[in-house]
Amino acid sequence: MNLDLSDEQSQILDAAEALLQAEYPLSRLRSGAAEDLTRLVEFGLFGLGLAGEDGSDLLTEALLHARLGRHLLTPSTLAAAVAARLAAQAGDDALASRIADGALPVSAGVATGGDLLLCDAPGATMAVWREGDTLRWGPCDSGAAAPPAGGGLPLTRTPRPAGAATAPSAPWQLLVAAQLLGTAEAALDLSVAYARTREQFGRPIGAFQAIKHHCADMALGVAMVSAQLDFAALALEAGQEDADFQIAALARLAPRIALRNARMAIQIHGGIGFSDEADAHLILKQAHRLGQLLLPADLMALDAPLTPLNRSS
Amino acid sequence: MNLDLSDEQSQILDAAEALLQAEYPLSRLRSGAAEDLTRLVEFGLFGLGLAGEDGSDLLTEALLHARLGRHLLTPSTLAAAVAARLAAQAGDDALASRIADGALPVSAGVATGGDLLLCDAPGATMAVWREGDTLRWGPCDSGAAAPPAGGGLPLTRTPRPAGAATAPSAPWQLLVAAQLLGTAEAALDLSVAYARTREQFGRPIGAFQAIKHHCADMALGVAMVSAQLDFAALALEAGQEDADFQIAALARLAPRIALRNARMAIQIHGGIGFSDEADAHLILKQAHRLGQLLLPADLMALDAPLTPLNRSS
Amino acid sequence: MDLTPSPDDHRFRQRARDWLGANAPRHRAPAGGAGARQAATAWLARCHAAGWSGLAWPRDWGGQGLSADRLLIWYEEYARTGAPSPLDCTFVGLHHAGPTLIALGSEAQKAFHLPRILQGQSIWCQGFSEPGAGSDLASLRTSGRVEGDILVVNGQKIWSSYAEDADYQELLIRTEPGSARHRGLSWVICDMRAPGITVRPIANMAGETHFAEVFYDDVRIPLSNVVGGLHNGWATAMTTLGFERKTAAMALQLDLSVRVERLIAEAGAAPGSALAETLADLRAEAAGLRAMTWRSVLREGGTPFDGSLVRLTFAELAQRVHRLAAELLGPESLLQGPVMTDYFESYSETIAGGTAEIQRNIIAERILGLPREGRA
Amino acid sequence: MDLTPSPDDHRFRQRARDWLGANAPRHRAPAGGAGARQAATAWLARCHAAGWSGLAWPRDWGGQGLSADRLLIWYEEYARTGAPSPLDCTFVGLHHAGPTLIALGSEAQKAFHLPRILQGQSIWCQGFSEPGAGSDLASLRTSGRVEGDILVVNGQKIWSSYAEDADYQELLIRTEPGSARHRGLSWVICDMRAPGITVRPIANMAGETHFAEVFYDDVRIPLSNVVGGLHNGWATAMTTLGFERKTAAMALQLDLSVRVERLIAEAGAAPGSALAETLADLRAEAAGLRAMTWRSVLREGGTPFDGSLVRLTFAELAQRVHRLAAELLGPESLLQGPVMTDYFESYSETIAGGTAEIQRNIIAERILGLPREGRA
């Protein structure tokens, strides 16, 4: 047993990071342009779950989605990754390929009342969405633009398709949580960089204990979610008994830490932090959006892996 | 309307504080001697609620109990004050006088299973106690010593008297909360004094922001409970409609703040803080004890004084 | 201590309730643009016509001269009615600049400005903060060079609320060249239409543009616009901020209790549920905040820093209340709406006017007497 | 990465489970006094006889030479069984002094001490902290004057666990007169029965006396008792603390998950209740802590400070778990009992071995690279 990245995993992640830094800097989110996933399609991101692909293990895929989360990629990346996997599992290789090749964009969403709210989905014809504590996927009507809270990614409201297929939730939960981890890391990175350079009262604010301890708290959260992500991905991949438990624990931790870190990043940035001009609020809104996509996890209904042994004395 | 202390209130409180500092320093708690309430009886503490006494308003009494709380006085002070008041209200002036004169000690306790746990009551024959969310009072059997958690004040276990009288809870809640406020203040005072003098890394630890902010948090809690105590006491004294609400809010706030401040005091004291040699743990245990005497407050079942006005538009 | 309302207090509360119930706008005003200014000034004019503007101002200057307890009652009824937030474009004039002029202005300044402020005819903005200085007001660098009877102003301000709408600005500048920290500053009335002024709005994270940067390029301001004495601006600014901490803060703090009640009514939490416990915490703390507010207003004495306790309690509680309100929306929280706008805007509570970290330093050093050290 | 257990891993886990289930004491040992030492050494002897002592020690020195993943499995089964806390009087010998001797001791030191430690024949205590120095180990002042082949020790140590029971002490002293900070220290084996040593127990807030102050009055220690080189004690001490942070911490961290499960089983919280939500938070965080523990043990690389992340997470979670356990007792929490003892003792988690504040500084400065400043 070990928890080191394999050389192959490291290479894939490094390549992804290089691509993300070059092609998907946070500054792109201010341009108002639609998210262009072409480069990620070329990278093979949405084919990872398909049979015969290299590096197709869930852990590598989760770690890649954590990187995407760090760059605040559209939730459509989650929808495409999971839909390609579902299509392949349903034996519809053609559909899987079209999704993996980017020919058929898939949107992520959440049901509310009789409608679906779809993130970043102008003209979407297929979606993966949460309905309460169920995950569904399938074709959807293209909907009407709806104003998103706080601006940012376009939001679409469309009638909820009746009789859509349900999908197993575990891989979805894993990847959404991975992206949430990424947002938590982004908040930490942004805060540390700002705290090192921004001066107040003649010193970098990172020299003040209050700011230090905020950053330390963020690092604690990241360390926990990151370790739990490895655990959950490995358990799910290996089909271990405790996989559902590990996923549920992850799904409880990830959104809380992501939101808390984003809040702290805004606070650390001071005045500029609650303006539209720093990136901190973009992280908060992404964490919030991903949190709505995540299914609620009933952690208490599951058996824990480390249960006490009852010995009658 | 005003929230200034009257000259008379100030004089009473100053006199009480002088007495407490002279006669009830925290160091007395290390002697192992039983708490001697004679000087407080002489001060007239337990007769404040009786008709015809000066300074008999609930606010003054509550503020006095906050001072007692600061000096970690035995909960028997609460029991005596409330029992004297109850006896007088029941028309039994003789009983009220015996309690006020210290001739009949009264203990405070809490029911558990078929028993009463009485604080500091060796040989008690009368008690005021909490049974779930009901307050009761009356005679009780003297019980057997039971080992108290973490040492300190003696604890007695005695059978729960059947058919004991119920008592209105509001004055009890007010005075217990007042003593809890006192413990929260004691934790703050002790921490500030320690942080000013204790040096680490060549500076008083109070110069470090982390310690400063802990102390500030403690002060925030004290400020809130203290203001709410005034509000609740005045509302109860004046028989205002919102009295129950104000008491319930107070009863929710006071034990939380008291326990949190005590925890922080231990942390600020470092190594000595979790030893038996600093006073911080005595404050924690007193806050814990008082918290058990407090009736649970169902704040949500009450109407708030500031309800929104519904205007059909 | 006594909080028992007199029969007159009861009558006053009823009168306020009746008038507000009948007159307060039933719909939320537009958040920005001309519509926002129009709504704010219309509401102020309506209040003024009925004798409800300048509540804390002295009668000599057209105010109502209300005592502190009457103000508390008014703002409680104001909150219960859901009347418009006092934090609109009339705020700086009514709660900052006006009271400062009353306290320290010349007769000419008062005679010209006060009636206009009271009736909503002139809008004011604040010009205190600067980029890079953050909460450290004493490090400001915008300069006013004295040339005869004129100040020539150059520099930059930030976080100036409603600067786009404003006719005047309370502007804090360094008028003594080479002076440091609190010395050599002046508080001046700046005409926002003067040549050399450029306003650049800053959108906040809710997408609203209350805030702006203001640039000054050889802006000429008559020396007669100085308030409280040339080079004595620090004292004047502290006077200004003192008003904010009393009457204006009161309105927001009391409003929070009502917001908690609205949340409780809407949430319909099952007894004993985790949500009910969370709401009970908020309710208890809102009650405590209300008691702190009353005490901060109705108790003499204390230190000038005691306000930090109420202010910070309010700020952090307000954020929790708005956060829970947003959470309770569920998926609908993805959509724009007033709850989400309020939630996003609540992030400024622990930052603007001194971060929570600075407030904690102030509490620790100025109230508790812990040793000073650098600040954050 | 791979956490799939091999068939051998499965067999090892089953063997550990079976042995512990059959052999671990069913009753909590006395908390102090001779009974505590007797129980601890008896349990160690039992483990030793069955080949379960010195699990991480190399086989050459009588240990089991278990790999890191096997240690994780062992301590998980250990926790599930509710076997005695490893933090008893055998702890310092097995997890501090023994590994330090194995790494840096002379052959003579190893040959004499290691077998005694392994079998519970000699008890060790720690002598690092000093009054006034708190967590600032580098400021220690207890001195060892070199006189020929003898060190003459004078000074005082504090927070020495089980000093009353101990036969030997790992003692960190300043042997180079006038040296400052990390320089000029030595790590020596101190015979606790040497003349000039006085031990004064310190009761903790639970009423237990694990801790003591130790006074040294011209205590003579042979130079041959120095471990890791004269004046090189800082490096030796860091080696010692490195062991604590790995194997010993692992046992406590994994145990916390099992404690949370016990609490959940006892609480019987109604679904959706506030209590159930609190327990779910603890359960999720305990799962996260377990994952952090595994990763800290099974991942190469990282900085030597990464341990602070796991350590602090454990400390603060442990306190919350014990606090909730105490709360759930209701009125019975007024009475002495193991839950209350554990609760009171948990206060040391965020203090001993570096306060939570210092851990956060370390995380911020050493892991995140924020600028250094004074510490608290």
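Read from first to last, the chains carry the letters A, B, C and D; within each, the first residue is number 1.
One rule holds for everything that comes next: a contact is a pair of C-beta atoms (placed from the backbone, for glycine too) under 8 Å apart; a residue touches a chain by one contact, two chains touch by 3 or more.
Everything quoted here is computed from the prediction, not taken from an experiment.
*Asks:* Please tell me whether A-C or A-D has the greater number of C-beta pairs in contact.
*Replies:* Higher contact count goes to A-D.
*Asks:* Distance-wise, how many Å sit between the C-alpha centres of chain B and chain D, to the nearest whole number?
*Replies:* 39
*Asks:* Give, as an integer number of Å, the spacing between the C-alpha centres of chain B and chain A.
*Replies:* Centre separation, chain A to chain B: 49 Å.
*Asks:* How far is the middle of chain A from the middle of chain D, if each middle is the mean of its Cα atoms, in Å?
*Replies:* Comparing mean C-alpha positions, chain D is 38 Å from chain A.
*Asks:* Any chance you could list the residues of chain C touching two or more other chains?
*Replies:* Answer for chain C, listing residues that touch two or more other chains: 276, 357, 360, 373-374, 376.
*Asks:* Using the touch rule from the top of the page, what residues of chain B touch 2 or more other chains?
*Replies:* Only 203, 207-211, 213 qualify.
*Asks:* Should the pattern of chain-chain touching be classed as line, ring, star, complete or other?
*Replies:* complete
*Asks:* Would you pull the chain C residues touching chain D in the complex into a rising list?
*Replies:* 270, 272-274, 276-278, 373-374
*Asks:* Note which residues of chain D are touching chain B in the complex, please.
*Replies:* 129, 132, 134-136, 158-159, 202-207, 211, 326, 330-337, 340, 344-345, 347-348, 350-352, 355-357, 360, 374-376
*Asks:* If we count contacts the way the header does, which residues on chain C are in touch with chain B in the complex?
*Replies:* Per the stated touch rule, the residues are 1-5, 9, 17, 21, 24, 26-27, 69, 76, 79-82, 254, 257-258, 260-262, 264-265, 269, 271, 276, 279-281, 283-285, 287-292, 294-295, 298-301, 306, 309-310, 312-313, 357, 359-361, 363-365, 367-373, 376.
*Asks:* Would you pull the chain B residues touching chain C in the complex into a rising list?
*Replies:* Residue positions touching the partner: 1-6, 9, 59, 188, 192, 195-196, 203-204, 206-209, 211-213, 215-217, 219-220, 223-225, 227-228, 230-231, 234-235, 238, 240, 245-246, 248-249, 252-253, 299-301, 304, 306-309, 311, 313.
*Asks:* Which of the residues in chain B end up touching chain A in this complex?
*Replies:* These residues of chain B touch chain A: 208-210, 213.
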